[in-house]
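Below are two complexes that have chain A in common, paired first with chain B and then with chain C.
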Partner chain A sequence: MTRVRLISMLGSYGVVLALLLLILFGWARYDYFLGFFNITSVLRYNSMFALVALGMCFVIMTGGIDLSVGSTAALGSVVAALASPQGAWIGLGAGVGAGLCVGLVNAVLVTRLKIMPFVATLAMMLAASGTALLLADNQSVSVSYESGFTSIGQDNFLGFPIPAWIAIVAYVIGWIVLNFTSTGRAVLAVGGNEDATRLMGLPADRIKFLVYLVSGGLAGLAGVILASQFGAGQPIEGVGWELFAIAAVVVGGTLLTGGVGSVGATLAGVLLLGILFNVLNFENGKGWISLSAYWQSVIRGLFLLVVVILQAKLSSRGTAAAREH
Partner chain B sequence: MTDTTRQQHLSRPFDPFDFMARYGTLIALVLLILFNLAFTRNFATTQTLNVNLTQVCTIVIVAVGMTLVIATGGIDLSVGSLMAISGALAPMIFLGKIVPIDNIALAVAAAMIISVGVAGLFGLFNGWLIAKFRIQPIVATLVLFIAGRGIAQVMTNGNLQTFRVPQFQFIGLGRIFGIPVQVVLMALLVVAAAWMLKRTVFGRQIIAIGGNERAAELAGIAVSKVKLVVYAISGLCAGVAGLIVIAINSSSDANLVGMGMELDAIAAVAVGGTLLSGGKATIIGTLLGAMTIQLVRYTLLANGVADAAALVVKAGIIVLAVWIQQQGRRA
Partner chain C sequence: MDTGILLSMTGIDKRFAGIPALSAASFAVGRGEVHALIGQNGAGKSTLIKVLTGYHRRDAGEVVFDGRPFEVFSPQHAQASGISTIYQEINLVPYRSVTENICLGREARRYGLLDWKRMHKEAETLLSRFNVRIDVRRPLMEFNTATQQMVAIARAIGFSAKLVIMDEPTSSLDEREVAVLFDVIRQLKQEGVSVVFVSHKLDELYEVCDHVTIMRDGRTVKTAKMTEIDKIGLVSAMLGRAIDRAEGHATAFSERDERKIGKVLLSAKSLAINQSVQDVSFDVRSGEIAGFAGLLGAGRTETARLVFGIDRPRAGTMHFDGQEFTPRKPADAIAAGMGFCTEDRKSEGIVPEMSVAENMMLALMPKLSKSGIIDEKGQREIVERFIKQLGIKCSGPDQKVRELSGGNQQKVLLGRWLAMNPRLLILDEPTRGIDVGAKGEIQALIKSLADQGLAVLMISSELEEVIEGADRVFVLREGISVAEFNRHQATEDALMSAMAHGNAPVAAEAVS
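Let's turn to the complex of A and B:
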């Protein structure tokens, strides 16, 4: 177990190190890479993915998975856009509420009906997407520009984009919950060994219920940011977000089998994948090479490949060592 | 239904959940057909049959490979991307964009063999990651899910490839004795896979691995080899499906071919009664599952329900089917 923890820590530091190296590379190579505009726009855009990945991280730590986050975000963006004429806060609340509803259904399916998380959240992915399309009448829904709703996604607070603030607050809360509360320890315990957790008298089902609910709520929040940043609720956005989030969580060293994980490394994973995009854009701007946007997914895939192979190598060495003892 | 584990339930009293778990999909399909015969106009026509069969074909072909993968306890998220790769590669070959080939029959044959082969190789790559590095299937195939479509887009530079090559499009538009070619392909594949799963050693090994991998390994089964082959088969199936899709459309768009196919295939497998945790699989069930989902969608559309609402209904069916099967197993 300690060995596994060591590997996960190695993974966490590895991702932070890779992130720093990538930033250093960008800073040395491109003029405006660490410019205010670039930093804020990267953070503004990636805060949505950061929120979704945070929820995913907690779900994965319990040994589950949430495939519905992408279409939940789309649903959240549509609901928020529809509610935005009533005011910024109401739009925000409506979007998050829609996300919580999806999370609630996921939680009930997984903990009460005992349906495998993969299937339950796959079904909810379809259902949320269908609901978003129905509500939006198959097109994007323009948000209200009078109610101040758009400032959630577009304005700054203390010189820093509001979506980035939201993500930072969410991650700080996530970090505290995981490391300093009994709920956080229980999340890891459920993922480590669910039956043992139950026998120890910990409320395993309640913990799982909670993580799916939170994941839905965070996805809804990401949807609110999406709608206010781009001025429209977009029912067909969010395709593939769940897999991006899973990739970020995996890159952050969280094992998909559950039981280990780190909130900070997940954030580093999100930023790493996001900045990889950014570096590619800068590289194209330099004109040395011209990689079309299509290369980005290839490079992301390759990146994920390297990470998972490294992880697998490290952990197989870990289990081999454990067997010797 | 073809339940390959053949449990001894005969001596037990009647259990409605168990009954539903075994025959639920078939009953649902029959009920749907009866409903449509009664309420949907022009349902009992060969045209309706053809529309539904041709639409369900590619899903079934991919889902057959997926069933085998899931039977070993795995999953293959990359099938849609592999469809895009084979769909992007084939026109490049028979249109002579890579190497000009004068003889069109030769060019088409080369295009089909190479593009399906490449998809198979990518499948093999998935299997290699899973068997050699013991990476979880969902993560291992996520790599190609992300990168695969990118590869197809890079190959074509994101451009639409249009073509009119009857020799190639035979697999999507042609007919053998009045039956669409892809339906014949699907039927052959289903029969072959069902036979393999039930009657061959390889088929039993697949089930054994899904049931208990460690035990299978101790029993002397070459687990790694079986997994490699299974993922390669899934890749080959996806490759064939990609060709059929572009043949029907007379064009290949790397951005769209096979989009969301992994979900359709997994849904068909789940509704069909294959355990997603592995160890029990039914190819015929997968066929019925895919047809049920297709027919539900057709029924809703034919009766004026929006496609978006059909998605919600599909979600409900998946959950219901899996729940019933679980109750049946518990009993």
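Let's turn to the complex of A and C:
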């Protein structure tokens, strides 16, 4: 019985295990890996991805997908930068608002016009990216430094980067919503069997509407952090973010078909991918081997596969064993 | 009825792509009444229900519920207005826990957040009304069809509705569970709740129903007091013609000529996998119909899965056609000449988005493509022959299976395996959800196939079907084959006592 528990736990927490092993590896191999500077810079940078992945996690749990998050973040960063002279809060609001607008369009396309999420959000990925380039006139837009807008991305609060705080708060809220509100359970139900959910009398369309809206808003927020961290709105940033987010969600054990998912494991997935990147940088820094960006991509891809395969193996053995008892 | 009418539907029309599914149907249910709704497959029962609950929008007609005109456009509204529905195809979320499936939509809260402890407790309490004791934290998909059905019913009851609609709730339950369900229905009735009850098992209706409404071809052709109409009356109203078949047989299996039975085709010795199948031995001869009887959870379906290579046995041996037989996957069993018509058509059999023809040809595909070119015309002929032979009600071979009524989907599945010309056909609840008329035809078809040399392994929860249909009956109990009866020994009493206690003095030694 305990053996069964252990195996099934490893299955669902495989990503956490991998994360711990990776951290252990980095700590043993590199000086300063667990140094304050490295930790805070990893967290500061990856908090943007964490926000995007959180939104993606909810969308995927309903059985959908949001390919527009990267462009939405780019658009958010441009809009926030343009609005930043009016004040830090206004810049923040404008960036998030831009993201919500994209999310709203996605939501309407998917739930009202019944366009497949893949197609709808792919179209919005192009549209949002185009809009960002138009608004920015094809170059990066520097933010206003007087308004204090840059504090959002660059300052610390209680010794901890503000973006990391934002991500932590978002994940706590996300975790509570998923596990302790009816909306959260309905998200999983819709992904598990949409027709049944509708017949059960749950507002399936409203739930789907909500997740696309939230995903857009979170991508906009990530854009605000991006602009603030780099001091400029970046119309051409965000390429491939959607893939990073999907990868993090999947590594966290969330089913791409929907219906099963975890907020905590998604966060672990983000950290796993982020820290892997960090480790590769350290490895380059050691100077023994020099990994080009291409090689880094290959290694990250392979690593991802290994984790996903391990996860699948562990969890299927877990359930098979559990069934025998 | 005149004082307390809860629901009245009049002049309901509903068309799908121009084809009428309901025409001027009317239906009325009194307060605290159990009302049966019956009719052949495709008569429009489920459609009428889905129109009422707002899943389909009606084209014409009026609905009055609880004294007020009733305009709902979503199942959600209907639920909120006091109509709780168990749809024909079990409509739950397999990945989610039992608790969630029962409580979704009316969650218990504490400080604004979900109160899991209370919800688990409530789910357990509701299920205990049905004598179901399971770990409600586990995902629903880990439980068998009958348990899932019970969960669906528990969910519907939990809403404290004014009207509970049950579309064929008993088709996947065994007699013991049906009895429990009927107790609950009687309780509901006492609480003043009305129940609409759809079933193809006509005998059941007399036990709990007060009134019956009969549908035919999208119309409601007759409403009567249950006490004032006999079974022949029900059937002739359903079919639309007078019938005078002698009531000697409950099924359409007639006497068989035992000389047609050949040598042993499949034999299994001491199969075991886990608790569900611990020690099962049986054999089937060509030209023979072997029946598996047993209560739910006796391991009948699980044994069939072992034979068909879906699961692998931990112990035991099988021989097929004299050779040792160890299937690793269903394709092995199919290649050897077996077909398996599963009980759970929705998740294991039917591909809803594909057409009737495509669904029927699915298992045949590997065979056909081996010869290189797919013979379109030959395919068509096979499909059309089975549509006719099985009486599948559809607009043609190209209609999507999703659009067929539940019973007709079942027939498509049966047609798929028959089209393969197998040597051994495993039928798991072959007539579940199939109307009386078609049921007889299917039973007759099974018999005639056996006469032509097909070996049939038939699992059925309907004792009559096993007793009258099977040449030999194996009784399973808690994963062990406890008794074997031949045609003459197999009486209802003998089977029942073997199923319940496992003691069958006559034949116990027949099984090693």
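In this section, the second predicted complex is superposed on the first by the 294 of 325 C-alpha atoms of A that agree within 3 Å, B and C clash if a C-alpha of one lies under 4 Å from a C-alpha of the other, contacts with A are read in each partner's own complex, and residues count from 1 in each chain.
In this text, a contact is a pair of C-beta atoms (placed from the backbone, for glycine too) under 8 Å apart; a residue touches a chain by one contact, two chains touch by 3 or more.
Everything numeric here is computed off the predicted structure, so don't read it as measured data.
**Q** Determine, for the superposed model, which of the two partners chain B and chain C contacts more residues of chain A.
**A** So, of the two partners, B touches more residues of chain A.
**Q** Please indicate which partner A:L188 is in contact with in the superposed arrangement: first for chain B, second for chain C, both, or neither.
**A** So A:L188 only meets chain C here.
**Q** Answer with first, second, both or neither: which of chain B and chain C does A:P203 touch in the superposed model?
**A** Once the two structures are laid over each other on A, A:P203 reaches chain C alone.
**Q** With the two structures laid over each other on chain A, which partner does A:V119 touch: chain B (first), chain C (second), both, or neither?
**A** Only chain B is touched by A:V119; chain C is not.
**Q** Should A:I246 be classified as contacting the first partner (chain B), the second (chain C), both, or neither?
**A** So A:I246 only meets chain B here.
**Q** Applying the document's definition of touch, where does A:G259 land relative to chain B and chain C: first, second, both, or neither?
**A** second
**Q** Mind pulling up the chain A residues that touch chain C in the complex?
**A** Residue positions touching the partner: 176, 179-182, 185-186, 188-189, 192-193, 195-203, 255, 259-260, 323-324.
**Q** Touching chain A in the complex: which residues of chain B?
**A** By the definition above, chain B touches chain A via 75, 77, 129, 133-136, 138-140, 142-151, 153-154, 157-158, 263, 266-267, 270, 276-277, 306-312, 314-316, 318-319, 322-323, 326.
**Q** What residues on chain C touch chain A, complex-wise?
**A** 53, 55, 74-76, 78-80, 85, 87, 91-96, 100, 104-105, 107, 113-114, 116, 142, 155, 274-275
**Q** Sort out for me which residues of chain A touch chain B in the complex.
**A** 65, 109, 113-116, 118-120, 122-127, 129-134, 138, 240, 243, 246-247, 250, 256-257, 292, 294-302, 304-305, 308-309, 311-313, 316
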